[in-house]
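Here chain A shows up in two complexes: once beside chain B, once beside chain C.
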Partner chain A sequence: MNKYILTKRQVVNELSTFYSFLLGFLIALMIGSIILLIQDKNPFDTFSLMFKLSIGSVNSLSSSLNKATPLILAGLGIAIINTVKLWNIGAEGQIFMGAIAVNLIYINFQLTNSTSFIFVLLVSAFIGGAFCILIPAITKVLFGVNEIITTLLTNYIVIGLTIYLVNGPWKDPGSLNFPAAAYVGKEVYLPTIFGKLSYGFLICILFTVFAHYLKNSSVFGYEMRIAGGSEMTAIYAGINAKQKAFFAMLIGGGFAGLAGGVELLSQTHRVSTGISQGFGYTAIIVAAITGMRPIGIFLVGSLFGALSIGGSVIQTIGVSTYIADIIQASTLFGALVIQFFFNYKLKRADDG
Partner chain B sequence: MNNKFLKTRNVTKTFGKLKALDDVNFNLYQGKIHGLLGENGAGKSSLMNILSGIYQPDKGSIYLDGEKQKILNPDFASKLGIGMVHQEFRLIESFSIKDNLTLSKSNIYKNDFLKSFKKYSEIFALNVNENEIISNLSVGEKQKIEIMKLIFNDSRIMLLDEPTAVLTPQETSQLKNSLVTLAQEDMKTIVLITHKLKEIKEFTEIVSVLKNGKMVAKDLPTKDVTDNQLIELMMGTVKTSTVNKDNEVGKIKLNVENINYTDSVNKIKKLEDINFQIKAGEILGLAGVSGNGQVELANIISGIERVYEGKIIIDNTDVSSKGVRSRKKLNLSYIPENRLGVGLAPGVSVIDNSIVKDYFHTKLGPHLSRNKTSNYLESLVKQFSIKAPNPKAEISTLSGGNMQKLLMGRELVGDPDVIIASQPTRGLDVNAVDAIHNLLIDQRNKGSAIFLISEDLDELFKLSNRLLVIFEGKIVKSFNTVDADINDVGLAMAGVNE
Partner chain C sequence: MVDVQFLGLLNATLQAATLLFIASLGELITEKSGILNLGVEGMISIGAVTGFMTAVNTNNIYLAIVVGIFSSSIFASLHAIVTVILKQDQTVSGLILTILGLAVSSLLGKNYVGRKLETKIDSLFNIENPSNVLEVFLSQNIIFYLAIIFTITISYILKNTMFGTRFQAVGEDAKAADSMGLNISKTQFIATCIGGAFAGLSGVFLTLSYVPYWTDNMTAGRGWIALALVIFGGWKPYRTALGALLFGFLEALVPRLQTYGFELNPYIVKITPYIITILVLVMLTIYKGGKTGAPKNIGIPFFRENR
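Moving on, here comes the complex of A and B:
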């Protein structure tokens, strides 16, 4: 019989994730080009303009990296949770919750020393994100409820909560008809390193290193990997698999919450529904493309930040900003397809 | 005996290099209950799968009512009236009894379902409503529905693959009555696979024996064969290679006292009054057909199962209420029977799997640096000659033998005081088996107390100083391997006690 079957490759090239990202990105650029050609735009000109306007100057580069910061932080959180083979679809909600926590602490407490106040606010953001994933974490470990569903649902709850807050108790009368909370004071703005580049990006670098260490070199990360591989092996090894899953979820949620806090303190300066422009969802793409590797998330997140900035400025030449979204999503799609062929090969089936 | 109803001629089935069935001739007679005996891996399930059309034979043919059948597939086999109950149930758990029974298109009782359901509920002594959801049933009840499904699908030939393995003794004798009724009143032709001689004796009229894929005896009238004959056919002559057992034996390292254990899910008593001791430098074998409580016992000794009665004492320390970690600290190692899934975590790298036992010790932690873990793996690879070219590759890319060597090596580092080795050589090739045996002997000579759980009598006779036999959760016999008769051990394993 001439049947073919897919078999898993014995040895997968260690750089396969990187190659599939590159190829996926190329495929995405091609798809983007086709769409541009249909619209009678020159793809080469468009892409080079995007390139120039996103990383061509200190100013545009810092905008890109600022944009990348929440993507990277939320992506790292997703990667940490995935160490126990769980999926966090709730980063978007956690980002909002981080920002809400910052505002809650800000309007209820005042610290004279602004550096320590900023620090307290960032910690609150982290706790807010962790709090947001608490119910999915509890239901997961106690009852085995699918975390994909519960984390997704919390997004709707938290965004609903945000809408309520900015239209109700937190509504700033000064914002006229735009529903938003009042701005936080300048004293708690995250300062800039140079140009427009916020200290948030430095936090991002620190947390990338931390996530890398946690996932790859810490005992906790090791225990998460074993728990993710097989709960029975974990029990056999004396590892409390449920406890690891629980803490992994809280920490991962905290990362996304921190993203919201940083975004508030460095960019929007107030709570509104515009805190996140889908960062929590794009972060899933970033994390998945890199095979959940923190360093990769940092690099791809930076690229995606630049793409967003590039996409938003090419409106000036009459190209829709959605071209950036299309490229991001197609990169994931292309990368996953390519990765599949790295992992599997077609083999003629022997009968039986 | 009357006419042969179904027969196979020269049926051969290979899986890769392995000949699961070798030129098998097998006969079934209408309205009779047939026993099919054989050790684990003898090919019983494969033969049944061929009759029910799930596997295709490489060679050979099947005759039904004297007519040669073309290639069977499950659909065609069921049209011919051949049905099978598998070792693992195939009911749809979330459907009702009625839906499961009437699902198939070959179903014959669609219209008078209730009447037939009542009739067969009586025969099976089943006392549940037809709208009950399968997942709410006990194992014994599910078993009955499985068999009933065959009847509802109009199977004339019912192939039952180890149906009693999951039943209590009461349920088993109930099943016997039901099957006898079916054979006598409905003229059903039944094949019963079992390891228990008692059931062969009580249930069947005719018995056939498979050994290593060959039919070594067929159409024996059950009432004329003795237990000893059956055991000899099943086990063959075991080559009694043995190792020197005059090594020095020290003080008691493991003391197991009065273990009783009931499965918390289906409330079945799995272990009853287990008592034994193992001294330093001694290998105690536990013989038994798998599923008689071995896994539960190993889990209790290693600390994985925490809810039980009785005492576990390691090196004079009572660890009965302690967990896995504290037992490991007393230098206990456990090589579980389920290599990939328990002993090793699938989807995780070779290097991560190599440090499962020692990762929390200071020599590796608190930071699991690349260097330290690589060195650790490298020394394992050298010491136990493991072939693992890529440390970052997934563990399942290693061959079975190398996986087992990695698992054994990892557990033997640091010369454990007590070792539980469960089915350590199952499924391995001859060279790997020798390597594993040598590791265990070395460890014994270094003074470990070893608890060897195995189904392989050759292995048990070769390695162990003493031998216990477990049957239905009880230690039914103990032997001194030097002067034990292998057939006596086989009989005890099959549940025959004189």
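Moving on, here comes the complex of A and C:
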């Protein structure tokens, strides 16, 4: 028989998620260094270059934060949905739907005041994301259909729809090699705060605070937590668990939709398959690794934004961009492994 | 004389279906043990690139197949370590596996993009240009026939043998299975690695026969379709095979639509399988009262509390 058995720790350190992430990141840097050494590259030089080019100047820092914005917004949405203990694997599709909604409103309506027009467009992005998760939400609360699967499948439907739109009705004849919709006008570009930093990042900060409040301090957040806990408790407390789950899903989807809208209005300026480069999937892991905490998502999301920017610029010295992806994934794996040691301990079997 | 276009469509359907089906059969085995692995896309990618690299360097196609299968299986063991031994969240770990798999395979295959293969997996009975339906079936390569054999044996084992019943008990009710004396962790660990092995086989089929070359992200979402197929098939091998044929047919049909004179939009046709899968899932959930065939313990880490 096993000499040691596994037991759950009674008390888990409050900062355990943070420490796990930090240690995971160190592990990832070591793995990254080994890969670089194998490729005859100096890891120290490479990492310091990545550091310099991602947060070393106002411009590069702005790029990093701009990159982080959709990741954080989508991650916040996932965290909100997780309050009712449901998963949203469909953030990728919701991001695209947010962008599609923006373009749909943009080409059909015109407002002379560009500030209010931008506002309307961002609201439609939010609604687009919420619309995208509508079918999974309805089927979940009415019939109990597994939301992991339905949200995952909607990704492919929405990305398929995007490909259809940019090759068909919305195809910009001016874009020859890369199928895309026409650019939106400069009047609806999200302005920049300073340098290249877009107002999108400000929206991101606001929504982080909002999500934090919603999850931890609002009545709705409290009800969501009960609804996601036990069915009996919810009934006893007079909380309509299905209703809470439904609205949590719509709000969470809306966050991801907003991510797509912000990305379109501040970065890509047009609908194409390049609206998201897997932000929706990375966002899930970012949210999960921080224990679904909005502030944590904001910090880790920012770090990953910087890593992506750093990763894309080191190509110039002949280092593969994928190093950044590998560091991200290893950080997360490392954090999961470390988290285990915070949550469990090995005990001798004969201790009772 | 049978229509040549029809034979081409049939052949393409079988190949596309084989590719999807092998990966979903592996996922089916993993999920039956109660482990959800969302990393199929990454695992296929690892198998695809390692198989291709071996084939380019050694010209030994069978060695390449074995290497692809083994490397994917070892890669899947990462998921097994994190979820089975360390009891961490399966959704998260699976997603990381996808991201890591795509990144690692792109890194490994960097110098192999655009390289030509000297050999590829040949048609088993050496039929080059099939002229009737039977010959199309006989012109497939060994992986196609393996897929058929796997379907029959796995379905038989799951339904009719003691081993199969015990295996499924782990995924249905781990606590009860544990009290019966079954080794939960070992079963789940091995099932996850087997899932990886199948994904690897699917990957080598992709780079050594279906395409055959290597470029970044060439799995193109097939791993996710494989996941959808398991649900579509209600966790049953034959129904999963049927689903794979449907998805394979649509994949084969899309580039041929115009030659048949249809005015259907190819982009819309491409998303129909996903819509059908959602409909099937919803109908299964409604009509069977929640019994979609999903293993009950799926996604829940097994932890033996207070022995």
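Everything that follows uses one rule, which is that the second predicted complex is superposed on the first by the 345 of 352 C-alpha atoms of A that agree within 3 Å, B and C clash if a C-alpha of one lies under 4 Å from a C-alpha of the other, contacts with A are read in each partner's own complex, and residues count from 1 in each chain.
In this section, a contact is a pair of C-beta atoms (placed from the backbone, for glycine too) under 8 Å apart; a residue touches a chain by one contact, two chains touch by 3 or more.
Quick caveat: nothing in here was measured; it's all calculated off a predicted structure.
Participant: Aligned on chain A, chain B and chain C: do they clash or fit?
Facilitator: On the superposed model, which is not a single observed complex, chain B and chain C fit side by side.
Participant: Classify the contacts of A:167 with the two partner chains as first (chain B alone), second (chain C alone), both, or neither.
Facilitator: In the superposition, A:167 contacts chain C only.
Participant: If we overlay the two complexes on their shared chain A, which of chain B and chain C does A:245 touch? Say first, second, both or neither.
Facilitator: neither
Participant: Using the superposed model, determine the angle chain B, chain A, chain C defined by their C-alpha centres, to the nearest 10 degrees.
Facilitator: Approximately 70 degrees at the chain A centre.
Participant: Which partner does A:143 reach: the first (chain B), the second (chain C), both, or neither?
Facilitator: Second partner only.
Participant: Have a look at where A:319 lands relative to chain B and chain C in the superposition and call it first, second, both or neither.
Facilitator: A:319 contacts neither chain B nor chain C.
Participant: State whether A:232 touches chain B only (first), chain C only (second), both chains, or neither.
Facilitator: Only chain B is touched by A:232; chain C is not.
Participant: As a test of reading the superposition: which chain, chain B or chain C, is in touch with more residues of chain A?
Facilitator: C
Participant: Could you say whether A:222 touches chain B, chain C, both of them, or neither, answering first, second, both or neither?
Facilitator: first
Participant: Just the number, please: smallest Cα separation between chain B and chain C in the overlaid arrangement, in Å.
Facilitator: It comes out at 6 Å between the closest C-alpha atoms.
Participant: What part of chain A is in contact with chain C in the complex they form?
Facilitator: 5-8, 35, 87, 89, 135, 139, 143-146, 148-150, 152-157, 160-161, 163-164, 167-168, 278, 281-282, 284-285, 288-289, 320, 322-323, 325-326, 328-330, 332-333, 336-337, 339-340, 343-344
Participant: Quick one: which bits of chain A touch chain B in the complex? Just the residue numbers, please.
Facilitator: Chain A reaches chain B through residues 10-12, 14, 85, 217-219, 221-222, 225-226, 228-230, 232-238, 351-352.
Participant: Once bound in the complex, which stretches of chain B touch chain A?
Facilitator: 14-16, 56, 302-304, 323-325, 328, 334, 336, 338, 341-348, 352, 355-357, 359-360, 365-370, 389-390, 392-393, 397
Participant: Once bound in the complex, which stretches of chain C touch chain A?
Facilitator: Per the touch definition, chain C meets chain A at residues 36, 38, 78, 82, 86-89, 91-93, 95-96, 98-100, 102-104, 106-107, 110, 221, 224-225, 227-228, 231, 265, 267-268, 270-271, 274-275, 277-278, 281-282, 285-286, 290, 292, 294, 303-307.
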